[in-house]
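Common to both upcoming complexes is chain A, partnered first by chain B, then by chain C.
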Partner chain A sequence: MAKYVIKRLLLLIPILLGVSAIIFVLKTLTPGDPARQILGNDATEEQISAKREELGLNDPVIVQYVRYVGNIVTRGDFGTSYRTNEPVLSEIIPRLWTSAKITLGAVAIGAILGILLGILSALRKYTWVDSLVLVISMFFQSVPEFVVGLVLITVFAVKLHILPAAGIDTPLGYIMPMLCIGLSSVASYTRITRSSMLEVLSEDYIRTARAKGQTEKNITYHHALRNAMIPVAQSIGTSLGNSIGGGMVLETVFSVPGVGKYIVDSINQRNYPSVLGGALVIAIVLTVINLLVDLSFILIDPRLKSTIISGGASKPKKAKVAEA
Partner chain B sequence: MSETKESILKIKNLVIHYETDEEVVEAVNNISLDIGKGEVLGLVGETGAGKTTTALGIMGLLPDKVGHVVQGNIFLEGEDLLRKSNREMQKIRGKKISMIFQDPMTALNPVKTVGDQIAEVVLLHNHCSKAEALTRAQEMLAMVGIVPERYRDYPHQFSGGMKQRIVIAIALACEPDLLIADEPTTALDVTIQAQILDMMRKLQREHGTSMILITHDLGVVAEICDHCAVMYAGEIVEYGTLEQVFDRPKHPYTRALYQSIPSLDKDVERLHVIPGLVPDPSNLPPYCSFCERCGEKKGVCSKYDTSIVEVEPGHLAKCLMYSPSWKEAE
Partner chain C sequence: MSKMHTPAMEKIEKKNARRKKPLVATPSYEAWKRFKRNPTALVGLVVVAVLILIAIFAPLIAPYDYQVQDYLSMMQKPSAAHIFGTDQFGRDIFSRVIYGTRYSLLIALFCTIAAFFSGGLLGIIAGYFGGRTDTIIMRIMDIFQAIPMIMMAMCIVAVLGNGIPQLVAAIMFASMPTMARNNRAAILRVRGCDYIESSEAIGVSQGQMIIKHMIPNAVGVMVIYFVGFLAVSIMMMSSMSYIGVGLSAPTPEWGLILNDGKAYMTTAPYMMMFPAMMIMITCFAFNLMGDGLRDAFDPRLQ
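Let's turn to the complex of A and B:
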């Protein structure tokens, strides 16, 4: 197990090197001079070239890159924001926390609603209940998140004055962004749960349970649900990672100071250390979340335990790894 | 059928159809069976003959919405199972009638320990604590030849033969009166097959359990059954004691089956095959369903159907050659 965790964490090294290298290349290809951006249009040529020297922008890209990676490895220094002169990491951490809270809430809303609706439509397959659930969940999936966001703001903030329109000054501010992201993901959880439940309910071991004289209720919740949750858990893991870093649009709509908005703002300001730092932190978080999700599968599916403890030759993707 | 024996299960004129929008599959056509207490009945037939459907019909586990019992009765110790509510059937399943399914690889829940899966059936039908049920589970494991300490293990940690032993342990945990074993050894390799059959026979004798053994392997029937029923296209075409059916087969299909068994001492180029295919159960002929493939047929065979008749005491066959019209044709 420990071996597996270490192996997975070591994978972070090539991932982070790749991410940072891509952003470094992009940075050199993008027009515009960060030194001029910092000093403004009134600065003289001497001031700008002095600033470029200070920032190390005159060195070859490869030297800049090695220096950057070296600073992270030796001092945990992700660079200094051009705009605020604050260390990038100390700017990102609180924003990451904000994004994480919204994401956790959103995934919880989406997953709980989705799983419940999915079970309901699986148990009532091909009836009007099933169709109704499909229509509702497809509706929320097909309407873009920001449209749902704007509708929510119009209704709850502008008309009803129940919730704040923007910002997270009060805990109430979290509700709308969470709802917005959560509702848009209900459809996918519903469909995964439904198809997975239907598949599991047709398995032989469900027939065995019936042959034991087990009640339908216990068959659904004790025998089928846990098996059916394996693909759902996988999907939860993926969307946890995606929405922490990918909440740019909604964080802008709701003026939430999250990590997504931070990166977008930094790109506009050519604040490269912040962009790089943000991207790397997100990559680390994503990898760690994926690892935690994979480890959590052991709790659901005992077959994976032997695969993982024995060194985990490959990342277990499907539940039926051990059962050939 | 002799009237003296005390019967545990009596099936009367059972008809089961699978109905979909496109077609009606006549899976079981008017079969009657009588299984005595402590008796082992072999139900033999090709794939699609209706053996498993009959078993699922007895258990009340026909596929939802598609499978229907069209007519007939299934009496378990005099009570008609077809008149029972689902709740009443839940009390019977696992307690009075147990079933062992064909494929042990998929019959166990992969995320539950085998101990829990055996204890589950004990808890359902007995008033006892979880701890007592687990103790019973360990006893059952020992009975089927598995180290009781392994009750904490999951199904994937066992081999195929051991999984089938666990399935048998589940089926026998509440000491059922009737055990239906649906091809219990088909998915296992030959050496394991013999072990499992020996064990089932031993447990059956020790507990006096009645048993229906569904198989397409005549060797298995010869080994452990007292009676034998041969099914073809949803009908029972021959029924009798092991001796009657094996030594004096009366139906042309049964005879053809014996000819198809490879012999160890005779050197033959090709094995005997029964020509043709089983008729499509969604489109059965109005005459004898074996007629097209029969080596002993006559003109009347493609005109009429017949019902099963007693050809010697306790030995039944469903063939026109035992009806008056056969003699007229001669």
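Let's turn to the complex of A and C:
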């Protein structure tokens, strides 16, 4: 077990090196001189070249890259924002918390709605209720989140004036972003719940329960639902990790000061230390959350231990082909 | 689906040609039969067909040029002359939305084709050759996947600048890992089949194997990804141009039209309503169709 955790964490190293390398390459390819950008148009040539020297921009890319990685490893220093001159990490942490709050709310909304609808559709399978639920939830999945966001803003902020159109100055500001992300994930929870419920309901022990004379209600909510929830809970875990960094567009639409908006702004301002820092933090958060989710499932359902651990990093080659 | 040409088979084929419906049910024919029975999938197909017609005949449908600015009729509400109203430059929103269909669908198609030729090809290579090739390709894809798709696309646009080819390249790179993974899985599923082993045993060359035996059998799954990715690229493209990255005015792309209307959201909500509706309808239709295709090609997944 401990070996497995260490292995998973070690796997983070090549991923982080790779991610930073990709963004580093993109950074060097991007036109424009960061030194000129920091100093503005009034700066003299000498000032600019002094700044370039100070930022280490005159060194070969590979030297810059090694220095960057070295700073992270030795001092936990993710660089300094070109724009504010603040350490990138201290700018990201509070924003990460904002994004995390929205993600938690969104996942809760999506999961609760999705599970309820999924149960409904499984119990009324192949009826119009089933089709209607699937079509509606799919609608929200297929429409871009920002369009749903715009519709919500028009209705609740512009017409009804009950929610703020942008910003999170009041707790009410969280509602619409959460709702947007939540609604877009309802469909996947509905689907997983439905198919998992249908599968469980056809198991032998359900038939046994029926034969014993259990009520349908008891069978559905007591016998079936508990076992059917395992794949649902797993997908909740994965989407927690994914949506923290995935809210770029939506955070921009609602002007939420989260990591996503921070990265979008930094890309637009060519503020590459912030882009790099943001990307790395997201990759770390994602990997750690996924690991925690996997570990918690081993605790919840010990039967999953072998599948999770063998599905990890060091699976044998044969197993890979069989898995597909 | 490859046909054998023995005299007996030819006889059956001739018979089939007369019968309208083939006697030997090919997988695609079976899939089409299942697809036809699925009402939501058919609705998706019809809407997509209408959208394609709109895109082709855009100049005939649109009453005005999409970029002509008419300062005498700025910011007009929907009326008989301008059924979707006009924007802050007096451009007819209906015409822009209609031409937008052409741009959005075409760009999405380019993105999807590009994604298949990059990520898809990598996935096919990884899946077919397996072993070390597979490990190297997929580990690189793992790294790419750690960067959120839209962030990757935005960074690439920052390098290349705005424009249609640049946007296509950005979405192509950003989608590479997902594409590779999906296509690899599709090939792996076929790879394990007995007939591949027997073709190997009778000495079919590797190129022949991939092109003649594996891709045709994996095509069902790939079609599903293809249609699904059309929707994904429309979503990405419009999201990006809405926040001001990727395309620049006066391209009548739906996300950009929304971006134009952003400033007038409170005073002229109709400016955003129609392009937003088009995005919704299009993405929804592609997804309904893709879903129907998935059920049709792989009934086990239902």
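Structure notes:
One rule holds for everything that comes next: the second predicted complex is superposed on the first by the 295 of 324 C-alpha atoms of A that agree within 3 Å, B and C clash if a C-alpha of one lies under 4 Å from a C-alpha of the other, contacts with A are read in each partner's own complex, and residues count from 1 in each chain.
Heads up, the rule we're going with is that a contact is a pair of C-beta atoms (placed from the backbone, for glycine too) under 8 Å apart; a residue touches a chain by one contact, two chains touch by 3 or more.
Because the structure is a prediction, the values reported are computed rather than measured.
Touch criterion not met for A:K51: it reaches neither chain B nor chain C.
When the two structures are aligned on the shared chain, A:P302 is found in touch with chain B, with no touch to chain C. By the touch criterion defined above, A:I267 lies against chain C but remains apart from chain B after alignment on the C-alpha atoms of chain A.
After superposition on the shared chain, chain A has more residues touched by C, the comparison being chain B against chain C. In the superposition on chain A, A:I15 makes contact with chain C only, while chain B stays out of contact range.
By the touch criterion defined above, A:H223 reaches chain B but does not reach chain C. Contacts of A:L26 after superposition on the shared chain: chain C is touched, whereas chain B is not.
On the chain A side of its complex with chain C, the touching residues are 14-15, 18-19, 22-23, 26, 29-31, 131, 135, 138-139, 141-147, 150-151, 153-154, 158, 165, 245-246, 248-249, 252-253, 263-264, 267-268, 270, 275, 279, 282-283, 286-287, 317, 320-321, 324. Across the interface of their complex, chain A is touched by residues 59, 61, 89-95, 98-99, 101, 103, 105-112, 120-121, 124-125, 154, 156-157, 167, 170-171 of chain B. Partner chain B is touched in their complex by these residues of chain A: 203-205, 207-215, 223, 226-227, 300-303, 306, 319, 322-323. Taken together, the chain C residues at the contact with chain A in this complex read 40, 127, 130-131, 134, 139-140, 142-144, 146-148, 150-151, 154-156, 158-159, 161, 184-185, 188-189, 191-192, 231, 235, 238-240, 242-245, 258, 265-266, 269, 272-273, 276, 279-280, 283-284, 286-288, 291.
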